[in-house]
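As structure tokens, the structure follows; a few thoughts come after it.
Labels for the chains are A, B and C, by order of writing; each one numbers its residues from 1.
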Amino acid sequence: MKKLWLLIFLLISMLLISACNSDSKSASGSNESDSDTIKIAGIFSSSGGAAPLGEPGLETLKMIVKKQNEEGGINGKKIELVTYDDKSDQNEAVLAMKKAITQDKAVAIIGGTISGNALAMLPLSEQNKVPFISTASSRQIHQKEDGTAREWVFKMPQDDSHAVEKLLQYLKEKGHSKVAWLNVANSFGTGAHAEFKKSARKYGIEAVIEDEFEATVKDAKPVLTRVKKAKPQALIVWGTVQETSVVIKNIRELAIDLPVLGSHGIGSQQIFNLAGDSANGVIFPGGRLIVADQLSDTDPQKEILLNYKEEYEKEFKKPVSLFGAHPWDGFYILVKALEEKGTDRAAIRDYLENNTSEFVGLAGVFSLSPKNHNGLTPDSLVMIKIENGKWVLEE
Amino acid sequence: MEKKDLKKIYHNSPAGPIIFTVLLFLMPVFISSNYIFTIFIMIGFYALVCNGMTMLTGFAGQISLGQATFYGIGAYSSAIVTGTYGLSPWIGMIAGMILGALIALIVGIPTFRLKGHYLALATLGFGIIVYTSFKEMKDLTGGSNGFFGIPTINLFGFEFNNDLRYFYLVWVFVMIGLIFSRNIIHSRIGRALRSIEGSEVASDAVGVNIMNYKLQAFMLSAMFASLSGSLLAHYVTFINPELFGAMTSIYFLLMVIIGGSSSIWGSIVGAATYVLLGEILKQLVPMFLPSAGGEFEIMFFGILLVVTLIYMPNGLYPQFEKLFSKFKKKKEKVQPPLQVGGDRVASGGENQ
Amino acid sequence: MEVHSQVIQLLFSGLTIGSIYALIAIGFVIIYNVTGVLNLAQGEFAMFGALISISLINAGLPLWAAVIFSMLIVSVIGALFERTAIHPARKSSVPTLIIITIGCSIAFRGIAILIWGTQPQSLQPFTDNTPIKFLNAVLLPQSIWSIGIAILILFAMIYFFNKTFVGKALTACVVNPFAARLMGINPEKMSLLAISASAGLGALAGIVTSPISGASYDMGMMLGLKAFVAAVVGGLTNAPAAIAGAFVIGILESFTEGLWSSGAKDVVSFSMLLLILFIKPEGLFAKASGKRV
């Protein structure tokens, strides 16, 4: 009996502490939010399977919010950033979103690291009429089935279709018309696969074999034996870092001597540790960020890219990643709207949609419109080659 | 397994449940936070699933490590019936329950021929097969991209489109489920199940058709899970296969055991503990360890779970019950006879 | 690629994967037989083994020392796990015990995140990893390591349980704990021994795997589940049978993936589990009756 009392006591005290905690948070929030703070929520997968993508995003957002506040905030108001970790889990993402909207009463929400989570979160933003700037890549996030834009959702990363089309352009230039397509068996992979099927013919490219591999793949040699038999001219491995590394290693081990192309999901330093020498020669469509120093000086993005890179690397003592760039774009696009329109959600939404054109961001040059809530083109990506632990701009 | 005090089971005062229900349904009067409603809606989903599983585990003595399968079958049935074919959500719900029960029947028949905890193994395997099918049957389920555009539930023109309304909808279902299982437990089937849980040989000897009753319990649990899945689908309006993987099944069993499988009320206790503990830890851990990133609070979750089960192998609910009856006795100013002794007997029973 | 060389390639892959499953499955079987617990935290031992050895190597230890130390550390973790979680609850019901092991596996994962973070890490292959050509198929030295270790452990198991005193004492505890106690064997000590030894073996599995597929805090779950399937398919009551089962599952998966589709891989191996449960629940390679282990 004593044990139970102890347990109940513990539970109640925990509840109280957490209640106090959230109270103090919301209290300070509500006192100030009317007068001198602007509340923004950031929801990222800083743990779980998508952590390598979510962490740089969260860090970047924290860093630039701090910087903006040090420079005087927005029209004299400080920005208050509330952050949540969705643990790469869809339910957690929905809960975090709900909390951000109803408890924190955030003016806008930035985040949703992976497409599955962003897709689960966006109905809430539509229902509650809160601008949601997604940092996940699926096209479904900003476009409805019928191709029109979702009212309250904006999306910063390139569409899968942009990356796939860039890749197809490259293949066409190189004259590889028969390719093997392998994608990871999750929404990142299957989404791109659908885009590939849709546009491959347009570029005169045919897949001689199409298959999937698990995100937890240990040995992809079995499926690669089939790929080898199909005799493609190039091999496309569409996955994120961990699983792509395994597949690339297996390709080298089987001595399949073909050009290997990856997805924009492998543009992280991790690939060097995980795939080692096997990664050499892999080419993928990626953002300009990691090859910023190799860009020509006329490139409009070069300056901000180099600045961001320097700041991030100084602050966190680790190399910059493409996934950190999307919250950066989202935040600065939002800042413009906040400067012009204050904290009225509908006004912010309208401003974002109508007044963001030729915005030079890290991922590319954005031109949003009521029809297009992404505003990027395949040209926002460049082809990048991995060479001995370095990114090299492939002309 | 644990000994059960039969008197306690059949002499169940309705006061507790009624107070609980009234408090629960009055809650929105005092609280208006959608976040709190969401949490309670989640608890409701899980409680429904656990309710069915409690009948299976606590009363028929079988464990399922694949309950998320039926949860998923319900969700996808609803999604397909309403999203793809545009029929009424209620048809989807019923279709899911029938499908779930049928599948439980098909899996159950060969499994219950086996002795021991083979249902656990079979359901684990089966769960992963169905999970993979959700991912692979792209035309039907949307594959890993998920199923988009599930409509909200609508009853005679009344739309369950906000958290408050959904809160009531879910908890009405939970309560109906509880009353339903209470009636079953107090019926012939319930007594038969209990006898199976006590001793299969003995119940066989007195003419209980073990196989049939186990199957019925399993099918019922599948229907509960499927119903809950349907409700989930209409609530979140977007589902993908990741929601119905092996881990979800494991968490369901975890809720049942931690709540206590000897009473159907354990299902609510278990679901609530699971959800609330997760939320509390998410709040607390960053306060004490602000620098560390990641979901390491699951560490505390795991440890608390283990500690609870070591000290209370029958789960939390029997402890609540004890507390409640003690409280009642004090109020009636009756000196509890043999308080210490009674406690010892109970804990002796727990350890069997 | 010609058909016969493809088949050989698939066989190599299957054996590699199978050997990883085997190393975890053995631990699983030993614990199940000696203590009666279905230990769902077995995959987490592999995760600890892999991550600890990577840290030790990064700290400058040579590979062999890192392997030995990490196996020892994980054995100690296993012993702690037995003392603090399994032993106090040993008289609980089976579902409660299963949930306790699940609780531990969750806690282990949390600890791993706290120590190593969520980023995947990798380990250099044990020896030079130039692929060996064999009839147009390739075999990696790391795969040979992995298969070799599994086979070595298989023989060690057979020797241990049949020829050594401790092994026989363990077997005795399984067959009849009461009689064993009368003979002066302490079943509680045996339970401690069994779990820490299984933890050490699990660690070895993790170390062997990490040059092949990397190591991260969440690698244990799927490894543990597959090893579990392997053990049931081969025979839960018998370590050599479980190892054989692991190879069967590994080869089955690799052929499904190589000749049909990778999506079907899990379906096939878990269907195999169901099939075995329904047709031959004692496992493919275990005798239907007789003593266990």
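Brief remarks follow.
We take it that a residue touches a chain if its C-beta (ideal position, glycine included) is under 8 Å from a C-beta of that chain, and two chains touch if they have at least 3 such contacts.
Protein identities per chain, from UniProt: A = ABC transporter substrate-binding protein; B, C = Branched-chain amino acid ABC transporter permease.
Only a predicted model underlies this, so the values are computations on that prediction, with no experimental measurement involved.
The interface carrying the most C-beta pairs in contact is the one between chains B-C. Farthest from subunit C in terms of Cα centroid separation is A.
With each centre defined as the average position of its C-alpha atoms, the distance from subunit A to subunit B rounds to 36 Å. Rounded to whole angstrom units, the spacing between the C-alpha centres of subunit B and subunit C is 32.
Residue positions 46-48, 51, 55, 185 of subunit A are each in touch with at least two other chains. In subunit C, the residues that reach two or more other chains under the touch definition are 113, 117-118, 263, 266. The residues of subunit B that reach two or more other chains are 135, 293-296, listed in rising order. Of all residues in subunit B, only 33-35, 38-39, 42, 135, 138, 143-146, 148-149, 161, 163, 236-238, 240, 242-243, 276, 279-280, 282-284, 287, 293-296, 308, 311-312, 319, 322-323, 326, 343 touch subunit A in the complex they form.
Residues 46-49, 51-52, 55, 185, 211-214, 216-223, 225-226, 228-229, 241-242, 245-246, 253-255, 270, 273-274, 276 of subunit A are the ones touching subunit C in the complex.
Listed in rising order, the residues of subunit B touching subunit C in the complex are 1-2, 57, 63, 110-111, 114, 117-118, 120-122, 124-126, 128-129, 132-133, 135-136, 246-247, 250, 253-254, 257-258, 261, 292-303, 305-306, 309-310, 313-314, 351-352.
Remark: subunit C residues 38, 40, 84-85, 88-89, 91-96, 98-100, 102-111, 113-114, 117-118, 221, 225, 228-229, 232, 263-264, 266-267, 270-271, 273-274, 277-278, 281 touch subunit B in the complex. For subunit A in complex with subunit B, the touching residues are 1, 3-4, 7-8, 14-15, 17-18, 21-22, 46-48, 51, 55, 85, 87, 89-91, 94-95, 98-99, 101-103, 115-116, 119-120, 123, 127, 138, 140, 145, 185-187, 189-191, 194.
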